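One structure, pasted below without further comment.
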Amino acid sequence: MSQENSLEIKNLNIEYLTRSGTVHAVKDASFSVAKKETLGIVGESGCGKSTTGHAILKLLPSNARTKGEIVYKGRNVLTMPEKEVRHLRGKDISIVFQDPMTSLDPIMRVKDHFLELMRAHKPNVKEEEVIQTASEALEAAGVSKKRLDNYPFEFSGGMRQRVMIALGIALKPNVIVADEPTTSLDVVVQEQIMEVFRHLKKTKDMSIVLITHDLGIVAELADKVVVMYAGEVMEYADVYNLYKNPLHPYTQLLLKSVPNIKIDDMELHHIPGSLPDLKNLPQGCRFYDRCPFAKEKCKKEEPPIFKVDKREVRCWLYE
Amino acid sequence: MKRLGLLILSLILVISFGSKSFAMSKKDYIIAGTTDKITSLDPAKAYEYFSDNILQNIMGGLVKYIPGTTKIVPDMAKNWKISKDGTVYTFKIKKGLKFSNGDPIDAKVYAFSINRVIRLKQNPAFLLADVVKSAKALDKYTLQITLKYPYAPFISILAFTISYPVDPKVYPADKVYNGIPVASGPYMVKKLVRGQEIELVRNPNYYGKKAKTPIILIKIYREANNLYMALLSGEIDLAYRTLLPQQLKQVQKNKKFKTYTGDSPFIREIVFNVKAKPFGNAKLRRALSYAVNRKQISKEIFKGQVTPLYTLIPAGMWGHKNVMPHYHIKKAIKMLKSLGYSKSKPLSITLWYSPSHYGSTESDVALMIKNQLEKTGLVKCKVKYAEWATYVDYWTKGVMGMFLLGWYPDYFDPDDYMWPFLQTSASPGMGSFYSNKKIDKLLKKARTITSIKKRARLYYKVQKIMAKQAPYIPLFQGQQHVVAKPNIRGIIMDPVQIFRYYLLSK
Amino acid sequence: MLSEKIGKNIKQLVGDSSGIMFLVGLFLLIIFVIMAVFAPYLAPYSPIKPTGAPLLHPQASHLMGTDNLGYDVFSRVIFGSRMAFSIAAIATVVAAAIGIPTGLIVGYIGGKLDSVITMIMDSVYTFPGLILAIAIAAMLGQGLINISLSIAVVYIPTYYRVIRSQVVTIKSELYVEGARAIGAKSPTILSKYVLPNVLPSTIVVLSMNIADAIMTEAGLSFLGLGIAPPTPDWGYDLSKGQQFILQNDWWLVVFPGLAIILIVLGFSMFSEGLNEYLNPNIGEKR
Amino acid sequence: MRILLSIPMILIILTIVFFVLRVLPGNPVLAMLGPKAPPEIIHAMEHQMGLDKPIIVQYFIYLSHIAVGNFGTSSYTSLPVLQELLQKFPATFELTFYSMIIAVFIGIFLGSYAAYNFGKPMDIFARVYSIFVYSFPVFWFGIMLQLIFGVWLHWLPVSGRSAPFMIPNHIYTGVYTLDAILNGQWDVLTDAIKHLVLPSFTLGVVISSIFVRMVRSNVLLSLSSQYVTAARARGESEKKILFKHALKNSMPPILTIMGLQFALLLAGAILTETTFSWPGIGNYLITRISYRDFPAIQGAIVFFAFFVAVISILVDIVNAWIDPRIRY
């Protein structure tokens, strides 16, 4: 695709082992993020987009099993020793979580979070330096530096998310993963947080992996888009073409059936059929049940990725 | 973590190079161990073996026993006179006697002390209160005690701790004194940590022969096991009261220790409440007494460390005569049958005991007697227990028909083994409620005369009647045991069971 | 359908550590139950009569030796299980019979009564149970029933608290509101809607309590406040055996001690496994 | 707040015990004086002890006395009960304190490592440990340790607080390890520590089973929370995550439960004290029960209740110190 990639995901497979069976959360996902580029990952909840985002920092729970590669600076994060991955986290790649209410340690001041972040990568760092860096980052995220000594419970949800973003950008990482950063916030605050991201995209030299189900945000911010369904990448394209001419029936349905171009769980049920059981997957295409163009082959065989122009799509229609 | 390690290290260093707390020659002290506990060291309140025994080592009285005998000789008294009717005792007290704090001991002090005991009304007060009419100092060195009635064993009571003088300047006249005792004996208490240890040091003002060893430390252990472990580990020089029978038996084989054994005036018996059914029947009581095998109890539970007893007056005391029938199960069966009991219609009774007051062997004793009685095949015996306080309440209220009891004398005289058990007004206190006019008469007479020979004859008569009536089944007489390292000298097994720490040396 | 479900459950049980725990616990309990039920057939001798020389070492005729009165230790250990079960059962049943209804009713009614009773229950709950049991046992005196009662008193608050807190939550839930709306009477609501929802957790508490009760009984017996001899009782035998431990008569202490440990182990493994089965582990979410 | 809640707790326990003891059969005066005492002396003593008044009057008299710190006079030794309790209390405190340290140490390390290694051998070990140790009767475990380390190996003393002559010269606090340091008597300190090892280890290990379990489940809960993942995403090391985030956040619930378990510790202390001849309040209580020494028994129980209350207040204070949400 484009010139230089900060991050390349190749054939990523993720499974969860649970007492009641194996959950196939992500299957054969491949995509890449170029430098300074913003990649949007969209899909409804449970489609594996957050799992993929967490996998980038190797933050999956202990019952997760991964296969494939996540290449950062020429090395596979998934097989890197824990110690080295640790040095990537927060410094090279950082993440902003969905729920700001629980992402900050309730018994640590904001300052302590920054201290921890910087000490983890530079054990002997001076406190003045931390305060300096933290103030800048907070400023960039729209939080007054006066609040460094406050505890998380003294902040509103939106402010906490700003703090999380500040933590994410403090060490000027190459990649920041934003895992549904606005989902749990109310509409006004969502807009404020998006404003922060817009600002970041303009001012900072980093790649953003934006995981969301808000197609509007993706349209506005992303350069490229990955559409996921039931653990698989259904379509991978640049944002302009995707919106102009969606190839995959799922993408089409998404864009058509949701007038305000937001995928909310409630509205998604309007698409007939239901998500396949990830513990017990069908033989053929995972979208078969709900696909208006489904044919016999779709039921029997799982479609591979087909390249159409510079785009990728997983559908027999493009055989 | 690192800091903690450093702290521990420095602590270890300090400990290993630190100063020693005490530097004494090993000859200067003897460490004794016991499981007994102190209640009070005020003579007016002390009324159990250990407190009394400590008082016997730190205080003295008008008279005392010669060690190893039952003979009473003057101590602080120079001499005394008894009026013809036997009610007025006049004592001449030695001059220059002093308490450990330097205060003088004279007739006034004695009069104060005796009157104080009577006024305080503590546990043992009745010993004096029941007989003494008045005590007064005629002059500085003359004490006159007037009795309510002639009472032969009175001199024995004067040898008991209740009659020891206390310092009027220290001991309040109307309250029990709880501080460190003011001594008048060979030792004085230096340190008293209740439940842990008592340190005795020589009393510099003692008028008699000074104690052989400067310091005696008595360590107090909760139970026999702890005492025994301390003995084996060498922590203590001697163990006195009370190792378990099996431990004594084992330690007797141990060459590292020497065991001393002597008779104790302590006796055990089964009490029948003659007012309770079916124990009002003398024949039934006698039948049961045939079924009790004292030798088995002595041998199997106490490893031979008690002596079977067939009367209430212990062996070694004048007046003692084994009068009760020995074990004879066939006779027991015959008598029970003649009373109408059979295998299908057995005699159903309950035997009571108190689980901790007489040591941990007590439940075994009760169970063994149960088994012995049931061996007749005509008795169904239940065993029940009650804690001591409840037990005392039960027997004084007559709740229990048949129960185990023990007796340790207050004064060393047969009267103390007969009167409380058999005299009509005293027997309810023993839970027996036994009454016999003839016995009452004999006991009263024995109190008023002084001739031992004549008194002994009266007690023989009483014991004979008792053997027929069997209101009690005497079981055994205790022994006293001391286990000590071989280098400890001066251990005397006293018939009155006064353990004299001041004679010990090494 | 049902058999399939049971099959799946068994597979799950054996599948992981809590399942194994549950099964081992169950196994231990079954052994003790058999011991208690068939004691007269299993025990070689009467437990309350001398059957040999005193203090025999474990040997063919006396598998666990004899005590100082010649009683057979093996027979006493077997019969002792009856005592353990009876006391534990009576104590927990009495505690549950008082604690559960009180918790149900008081929790349902709420208000001042609730706060007063809860305060009393909490006080008893916070206070060291054994100490309270000691005081009550000393009052009631010897005997199976008395000891059971003094232990029961200690555990009433446990049931009360569990039940009350659940009732308070369930009370506000929709279906109870609904039942009230359609005019169901309070007793009906309690027995039909509230009780069935509260019971599962009670079973776990019950099973854990039995283990606790056995321990408390052993403690009381050890302190000399338990069962009067010669009734076979592990706690009493243990305290008695302690007097002989320095003579190396180890069997007097080891066997009754093991019996207590194993039965308590049985109950706690059983309840732990059950608990994890009923409330699946939080760890999985990690 | 807790202080206000503690007063009714002490009061309720006191009331229960007061009436429970009064129902006991037997007359304490008789037990004290013995059966030989004449009735008039018994009556005098009953009057002196207030036992001739109606029970409810006795109750209120007792309450008013307790309120001003008057625990009455022991009928067994004639000493003021409070004085006796204060003399015994340091022993109980010392034992429970060191046991608590051992239990907390085992609980925190084993519990949090188990949680951290969820499902791995370490975790299984911790679970087996806690369930096994929980089944140990305290006294049985104590006897076994006495047998092994005292009788067979002769490494450690098996009973009491001190060897002969090894009581600190000057008693400042009654806590021997502390007094020995204050006195500079290092041999006394070593001796006190030696005597503490077996009893505090016995009690500590038995109590630790519950702590291990509790710490494990609470740390598991914290470890599954978002802020732990967030900390990991900042590059924090696993060790620091475990101790700084997971453990520290689990502390308030752990401490609260530990505070509740303190009752269990005290119950265990009674059995430990009797097993090891430890001259503390538990030992005192058991001895005095058989003498029906009412003032002493009540005093000891009120003291225990008081102790429990103080601990729960302390737990609150520590929790506030850890958790800013409580503090503000």
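The first chain written gets the first letter, and so on, giving A, B, C and D; residue counts start at 1 in each chain.
Everything below uses one rule, namely that a contact is a pair of C-beta atoms (placed from the backbone, for glycine too) under 8 Å apart; a residue touches a chain by one contact, two chains touch by 3 or more.
Keep in mind the model is a prediction, meaning the values are calculated, not measured.
Engineer: Which one chain sits nearest the middle, judging by mean Cα positions?
Structural biologist: D
Engineer: Look at the interfaces B-C and A-D and say which one is made up of more C-beta pairs in contact.
Structural biologist: Most C-beta pairs in contact, of the two: A-D.
Engineer: Determine, using the mean of C-alpha atoms as each chain's centre, which chain is farthest from chain A.
Structural biologist: Farthest by centroid: B.
Engineer: Averaging only over C-alpha atoms, locate the centres of chain A and chain B and give their separation in whole Å.
Structural biologist: Roughly 88 Å separates the two chain centres.
Engineer: Taking each chain's centre as the mean position of its Cα atoms, how many Å separate chain B from chain C?
Structural biologist: It comes to 45 Å between the two C-alpha centres.
Engineer: Can you work out the whole-Å distance between the CA centroids of chain A and chain D?
Structural biologist: Their C-alpha centroids are separated by 53 Å.
Engineer: Compute the distance, rounded to whole Å, between the mean C-alpha positions of chain C and chain D.
Structural biologist: Chain centroid spacing, chain C to chain D, equals 24 Å.
Engineer: Could you tell me which residues belong to chain D and also touch two or more other chains?
Structural biologist: Touching at least two other chains: 24-25, 118-119, 146, 151, 224, 274, 289.
Engineer: Touching two or more other chains, which residues of chain C qualify?
Structural biologist: Chain C, residues with two or more chain partners: 138, 141, 242, 245-246, 285-286.
Engineer: Specify, in ascending order, the residues of chain B that touch 2 or more different other chains.
Structural biologist: In chain B, the residues touching two or more other chains are 225, 229, 232, 356, 386-387, 390.
Engineer: Across the complex, what residues on chain D touch chain A?
Structural biologist: Residue list for chain D touching chain A: 118-119, 224-227, 229-238, 240, 244-245, 248-249, 322-325, 328.
Engineer: Considering only the defined contacts, which chain C positions touch chain D in the complex?
Structural biologist: Counting only chain C, the residues touching chain D are 17, 21, 119-120, 122-124, 126-132, 134-136, 138-139, 141, 211, 215, 218-219, 222-223, 235, 238-239, 242, 245-246, 250, 253, 257, 260-262, 264-265, 268-269, 272, 282-283, 285-286.
Engineer: Name, in rising order, each residue of chain B that touches chain D in their complex.
Structural biologist: 14-15, 18-22, 29, 31, 37-40, 42, 45, 47, 121-123, 125-126, 129-130, 176, 178, 191, 193-197, 199, 217, 219, 221-223, 225-226, 229-230, 232-233, 235-236, 356-357, 386-396, 420, 426, 429-431
Engineer: Quick check on the complex: what are the chain D residues that touch chain B?
Structural biologist: So the residues of chain D in touch with chain B come to 24-28, 30-38, 41, 44-45, 76-79, 84, 87-88, 146, 150-151, 154, 157-167, 169, 184-190, 274, 277, 279, 283-284, 287, 289-292.
Engineer: Over in the complex, which chain A residues touch chain D? Could you list them?
Structural biologist: Interface residues on the chain A side: 54, 57, 59, 61-62, 82, 86-91, 94-95, 97, 99, 102-107, 113, 116-117, 120-121, 151, 153, 164, 167.
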